[in-house]
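Here the chain labels run A, B, C, D, E and F in written order, and each chain numbers its own residues starting at 1.
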Amino acid sequence: MKPKFEPSESILSGETTDIYFAHTIEILRHEGLNPVATMEVFSTRAGILCGMEEVKALLYRVLPEDNREVWALAEGETIEGKEVVLRITAPYQSYGLHETVIDGILSHCSGWATAARECVDAAQGIPIISFGVRHVHPAIAGVMDYAAMVGGCAGCSSIVGAKLAGVEPAGTMPHALIIIMGDTVKATIAFDKYMPPEVPRTSLVDTFKDEAEEALRVAQALGERLNGVRLDTPGERGRVTPDLVKEVRARLDLAGFKKVSIFVSGGIDPERIKQFVETGAPVDGFGVGSHISGAKPIDFTADLHEIEGKPIAKRGRIPGITPNPRFKRIM
Amino acid sequence: MKPKFEPSESILSGETTDIYFAHTIEILRHEGLNPVATMEVFSTRAGILCGMEEVKALLYRVLPEDNREVWALAEGETIEGKEVVLRITAPYQSYGLHETVIDGILSHCSGWATAARECVDAAQGIPIISFGVRHVHPAIAGVMDYAAMVGGCAGCSSIVGAKLAGVEPAGTMPHALIIIMGDTVKATIAFDKYMPPEVPRTSLVDTFKDEAEEALRVAQALGERLNGVRLDTPGERGRVTPDLVKEVRARLDLAGFKKVSIFVSGGIDPERIKQFVETGAPVDGFGVGSHISGAKPIDFTADLHEIEGKPIAKRGRIPGITPNPRFKRIM
Amino acid sequence: MKPKFEPSESILSGETTDIYFAHTIEILRHEGLNPVATMEVFSTRAGILCGMEEVKALLYRVLPEDNREVWALAEGETIEGKEVVLRITAPYQSYGLHETVIDGILSHCSGWATAARECVDAAQGIPIISFGVRHVHPAIAGVMDYAAMVGGCAGCSSIVGAKLAGVEPAGTMPHALIIIMGDTVKATIAFDKYMPPEVPRTSLVDTFKDEAEEALRVAQALGERLNGVRLDTPGERGRVTPDLVKEVRARLDLAGFKKVSIFVSGGIDPERIKQFVETGAPVDGFGVGSHISGAKPIDFTADLHEIEGKPIAKRGRIPGITPNPRFKRIM
Amino acid sequence: MKPKFEPSESILSGETTDIYFAHTIEILRHEGLNPVATMEVFSTRAGILCGMEEVKALLYRVLPEDNREVWALAEGETIEGKEVVLRITAPYQSYGLHETVIDGILSHCSGWATAARECVDAAQGIPIISFGVRHVHPAIAGVMDYAAMVGGCAGCSSIVGAKLAGVEPAGTMPHALIIIMGDTVKATIAFDKYMPPEVPRTSLVDTFKDEAEEALRVAQALGERLNGVRLDTPGERGRVTPDLVKEVRARLDLAGFKKVSIFVSGGIDPERIKQFVETGAPVDGFGVGSHISGAKPIDFTADLHEIEGKPIAKRGRIPGITPNPRFKRIM
Amino acid sequence: MKPKFEPSESILSGETTDIYFAHTIEILRHEGLNPVATMEVFSTRAGILCGMEEVKALLYRVLPEDNREVWALAEGETIEGKEVVLRITAPYQSYGLHETVIDGILSHCSGWATAARECVDAAQGIPIISFGVRHVHPAIAGVMDYAAMVGGCAGCSSIVGAKLAGVEPAGTMPHALIIIMGDTVKATIAFDKYMPPEVPRTSLVDTFKDEAEEALRVAQALGERLNGVRLDTPGERGRVTPDLVKEVRARLDLAGFKKVSIFVSGGIDPERIKQFVETGAPVDGFGVGSHISGAKPIDFTADLHEIEGKPIAKRGRIPGITPNPRFKRIM
Amino acid sequence: MKPKFEPSESILSGETTDIYFAHTIEILRHEGLNPVATMEVFSTRAGILCGMEEVKALLYRVLPEDNREVWALAEGETIEGKEVVLRITAPYQSYGLHETVIDGILSHCSGWATAARECVDAAQGIPIISFGVRHVHPAIAGVMDYAAMVGGCAGCSSIVGAKLAGVEPAGTMPHALIIIMGDTVKATIAFDKYMPPEVPRTSLVDTFKDEAEEALRVAQALGERLNGVRLDTPGERGRVTPDLVKEVRARLDLAGFKKVSIFVSGGIDPERIKQFVETGAPVDGFGVGSHISGAKPIDFTADLHEIEGKPIAKRGRIPGITPNPRFKRIM
């Protein structure tokens, strides 16, 4: 999974930055000041580092090739609170404008990746699919799902995210298809008829009828071709419970459909995943939405620690380089 | 504040959507099914509605002009939990692909606007500036700051967000400028020298020296031209406290600088704003970062409620139109 | 509701009493001691008084007609904590053996009546049916349901309890009938066919299919003759929620069955009743089980306060008569 | 302890059952339906199973000898939450009426036995006597005390309960005897004079004087014939404390009465028993009242799982037999 | 109550001060610096001001009569948190050594007076006697009891404290007297025989026998001469409860001793006083020990705010005089 | 550390005692009663025993040399809750008056020593200096600081306490000195000039400027002669944080002042000490104020347990000697 990130025009031009960095560069130009400065970026809490690949793509574009030194941790590494994850040494004017963007990419992406990892850890081997693109702005649909994959998800539902992560997008069928077709079995048969063979046949079984009854109906209709059923019982009906999964499994098995998988979605978070796992509910995959996509970013902060090789720092920070033995030089 | 939103190519093409809506459209086309369907979108919790202008721009592009009816609440309105905010009636194939994007824009933008409003309400008239662009991905810097303005902020720091909201970006000076110039007074004088007159002279006074001492130094250096000072004491030094504001105010007043404003930033949220307000700390403006920019989206959900005029709904929802007396027809 | 209580042989003989009261009577007889003694009975906490009618029936049998004075509060009255509810003045040997039984009847019956009242108060006018006989020993099925009626229930499910309370027993149909008949509609039609006309036709609609679907099926099968449906969704399926009631109501109304009532049962207690009431769920009746039948008894305690007209009391109690202005003399 | 249970007429006739089971049997008779059905009974929480002997006595009377198969756990066994404790296979009409009663006996008796076991476990070998008959209806005095014995109590105070459990009833003397005799020593001497030698001489020492003083007085009066003293200090005087027991023990020992036992009663529950045990208070026996007699029943529920050998179940339950390796066939 | 405080030699010599103030005076003398300085003293939390009389006595001794100005709040006033209670303007060398002592006296005395006031407020008119001298060092026995009186106590038990407050010391009799005399009645008669008539006859009635029994015995022994009884039941016996007071009252009244007062002691604090008051227990006086005597001091802090008339302050404090409209000039 | 305690006149005369002990002695003299009595003193909670040396000094003065036996635990020993720490056997009139004083000394001193030990334990080897004399009455300044030393402090700030403990008083410089001198560096130079060489040069660095800046200024001014800096940041500025200590350490080290120690004061308690220790802040000493000096006394209580060799006790206590294997005979 080596995505190709390319900084957009609005990023490169500084449009997406805090205005005062634009002012700063302007003042320094007037003053003729462009010292080699060392900036360090650190996180405020522990988590999974993500966004570094996109930051690297930006730095490649802006740092002068002959006067730069960049050390960093790698995409997907586990980081501690207050750990320095990136150190840039270069003429300040070349990158000062981009402090906002560097912090922002790392903050948001690490927040998503960390939330995904919480689900993955809770699930103890059961695959997690990132399903949350519908609760964030489409402009970040791709990076969000990419970050979820960095955090350990087995798949994601957005086309743009899957492309970025280099996988096929994952999905079953929405309630809308079934409502328009008027019946779950009819919708499932149509899905089976028109979808290419590599798309798994997973039927959503809570739209019109009892989940257990509907699961048996679609299983009988598709026979061996049915890969799985998805349970997405709404909150108004008590959401999917571990007992419901056990019952659907038992009724499918009793009817001979032991190979049909059961996927669970709807308000899933690590707490509820743990309940399914601890009560032994036979879940074959979880779809997780806003726990990942709406995760709080992990705030990253950048500080200057050396100017022309001399240690310096604002009050509250330690002057000079902060050593990190896990660093690799990347530029 | 009437921004001009234009849906991007990747949104229009369906790239940023859940794959299963693409599949659904494909299946319905094969089946020759394109009923007039009514979809309603509702929130999961109360807040400030935002994103509707951007959604409208999308709907204008995709719905057939002669066969559409759209009712909605307006940008910035206060909404209840489970309130329906948008109702679309049109041939399903024209908009079904975009359910993901419609939900996502409303969810994310309403989350930001609502968090901004919490700060505005807590501040009881003291202006709030959105300062959080550095903790989110640059691709949404603009809409985030725009949403913060919809929520009631008096300004925002990103260039792209200010442009979208039709205002000038707000900012003072970063620690980086001061560290490179080596002294707060020197940096403030340079700022004053090169910045156009309409940019307010607000000096950041916690970089190298005690805040109260530095505030007096810059006031003495710039005299009448100084508009304000910003206090941004880091967590390692106990953050800005109400007592610090009172002390700086008292020392400035004692020295005759009664017109110099005091801005406060650094980990500000409604809880801390309340402390400043309740203890009577003379703050002239708050800069709020990740409380707004990292706000949890408000999940919005879309449901089909009528097909060709007949009430229908999935289990857990009520078939037929949900009346909302506050609706205005927008298309 | 004036039940006819008759003390059983085992009560009169003292078999159900604490052995030490039997010993006490034996010793006093040997000693030739039979003073006129005044015993007072008080509760440990507030509630609804119940059991007094049964206690009166006992006292009529054992107290000497010409040497007795009994004051009491009436069945169903609201009592305070530590309030004296009964005062007996008579020769001690005539009633000393029965202290255990008098306390026990009042304790258990008042516990049930009080719990019933909690549900009645929470329901704000919606009828409560006592459904809990299956969770207590059959020997008290009757008095338990009688006490629930004293507490304000509109009906009860046990035959013996209804008889004691002078009403018709209330019930719908059990899951067993439907499972044996194999289908809810079939069972409902059979019920309608064989039951006398005064028995309401209330169908249980959660056995095999989705509750909303099944409600419509039985409504279509029985037409005008259907009185109501009962929702009893098990805990494994998230229990009955206010949203489910609203949805079933909406779907029945949409199909023209506005007169069909909705009854709710399954783990109902005052807390949950409040949720239904506060969210405006259109419930027509609640069946309450173990919250009433398994209610903690309200401990009642008896003390001697006068011997031959002289005030006396054990340590911790006040010697002499405790006045209660609400007392009525009953013997 | 093998009690002889005999179902009462009102149980056999169905009077104590829920009305809808009577209706069910009536309908099935009209329909000519009497399939061999398998019913399983399970608990909702863990505890000590009790009531099975009484249920067996009922089943012997109602099930057809040549077409029945009953598997069960034994009286007094420890059970898990949701564990199946009884499985009946027989023509449904023979036992369907009795579902209420079977659940009720097991629920109530297991509730008492479980509460008794909690006390026994907390007491770590110190005997527990069931003293709570005065806080429940006399109709269940016997089964309650019997269940307390199944749960591990060393004795019980009701005559009927002791008979059922095959032991002698346990008791000391009530406050009433002492108040009528006017003095604890006088009452104790009278008790000693008239009671048969096998009844232990245990004097209640908190009626008129300080417990420690009174304990010494009765010890001096009865000498070697005194078996023990009972402390029952009322709540108004701070109840019996561990320190009081230690002091009474010390004062009795100092006066040479090392063989006199100390019994404690009054609001005793597992929490307080633990305090006595953990602080090393030399208690020789606890009398426990409403913690046992007013214990919440453990709800038991019955489900049909097979009809004529075919797996079936209502929604929420798993069709077919639930295996329990601890089952013994009892019929 | 105008006590005559006289600073001790060790206070005047500076022995009880922090060493660094001695160093400071020494340095300033070497440097020839003795500016007129203004010091303000403020509390950290709200309460009752006490110690000001003793501080005044010290200032009278050390400040130069012709160059001093002192403003203050008065002994016993209610103060707010962070309220300035004392402002001294004088040559610094005259009082700088005593900053420690000034803070210390105010802190400790205000702590005691405030705790006393909490009891007085809770008691709603029932007198509070300060009984806590036994839990503090004897060197402060006097000032502690004096401060308790300032806080509103009606009396105190130490001889030295009563003298300072200008009242007679209050006391009943200790357990030691009764144990040595061997009997409460004997001890009470001896007390009555040898004590001067102005000492109230209050007997302690919990030493050997039940409190109610003993109260009646001493009342019968002393007749009209008995003023009251004191209940001091130890924690091992459940302490004095509101019910015990009610019972002793009832038994005394029943026996005709309506004029005998009841005093309560033993672990009394505002929480327990409230319980007695709210339950209507007829208490005639409370003896309060360590709640008052062991009260946390209210920290007072001193700051220099002007040097030779010029505003100055350390970081964190506001330079210049802090106005307090409630100030009176006292020197 | 063997201090020489000498009971004051007011203690010996009984002035600081509860009045009723004076009454008791008077009555016993009239009655001619002076039995040999055994009194035991026990604590109410666990802690560090302190005050025993002062109590011994009193007992030496008052007990008859030829008729006394005293057993005790030693100053500084760890004691359990309810442990007997002192047993006196002597004619009662010789010591009965002093029960108040004996309890009081042990209660107050053990309270201080125990609080000091909590700090010492939390600090894991970093020295604790008792700095709290300013928050208690000067009359106990000495014993308080002495008790803090018994509890494990490495030094104390009061002159009288240090003398009692046999050490040099510890201190740096107060804010007052710096405010009067007008500058920290100036004050530090004056301190260095006039103080004898054995007084450590520790400069207080938070008065006018940023702590880190000021620390470097004084280090540069005094060079090798500077022993340490003290951080005492006020609450208004967020108090001293572990991060501040780390930063000051780093900046001093970077400038070559590795030998300059860092002391921390201001609201320090065990909780905050733990934070410094756990986050690895390089603190060289803590100054602790009111956590020690305002510590709640540990209540000690005295009881008579034998009169003329016969076991006796009040209700609630065990008659006779309480054995304590750790006792040593001290008289």
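Please note the rule applied: a residue touches a chain if its C-beta (ideal position, glycine included) is under 8 Å from a C-beta of that chain, and two chains touch if they have at least 3 such contacts.
All of these numbers come straight from a predicted model, not from anything done at the bench.
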{"item": "Least hop count linking chain C to chain D through chains in contact", "value": "1"}
{"item": "Far-end chain from chain D, centres as C-alpha averages", "value": "B"}
{"item": "Chain whose average C-alpha position is farthest from chain F's own", "value": "C"}
{"item": "Centre distance in Å when chain B and chain C are each reduced to the mean of their C-alpha atoms", "value": "58"}
{"item": "Distance from the mean Cα position of chain F to that of chain E, given in whole angstrom", "value": "22"}
{"item": "Residues of chain B engaged with two or more neighbouring chains", "value": "208-210, 233, 235-237, 243, 247, 315-317"}
{"item": "Topology of the chain contact graph, where touching chains are joined (line, ring, star, complete, other)", "value": "other"}
{"item": "Chains that touch, pairwise", "value": "A-B, A-C, A-D, A-F, B-C, B-E, B-F, C-D, C-E, D-E, D-F, E-F"}
{"item": "Residues on chain F engaged by chain A in the complex (per definition of touch)", "value": "210, 212, 243, 246-247, 250-251, 254"}
{"item": "Complex contact set, residues of chain F against chain E", "value": "8, 10-11, 14-24, 26-28, 30-31, 33, 35, 37, 39, 51, 92, 96, 99-101, 103-105, 107-109, 111, 131, 133-143, 157-160, 162-163, 169-182, 187, 190-191, 193-195, 199, 206-209, 233-237, 289-290, 293-294, 296-297, 299-300, 303-304, 307, 312-317"}
{"item": "Chain C contact footprint on chain B (complex, rising order)", "value": "311, 315-320"}
{"item": "Footprint of chain A on chain C - complex, ascending", "value": "208-210, 213, 233, 235-239, 241, 243-244, 247"}
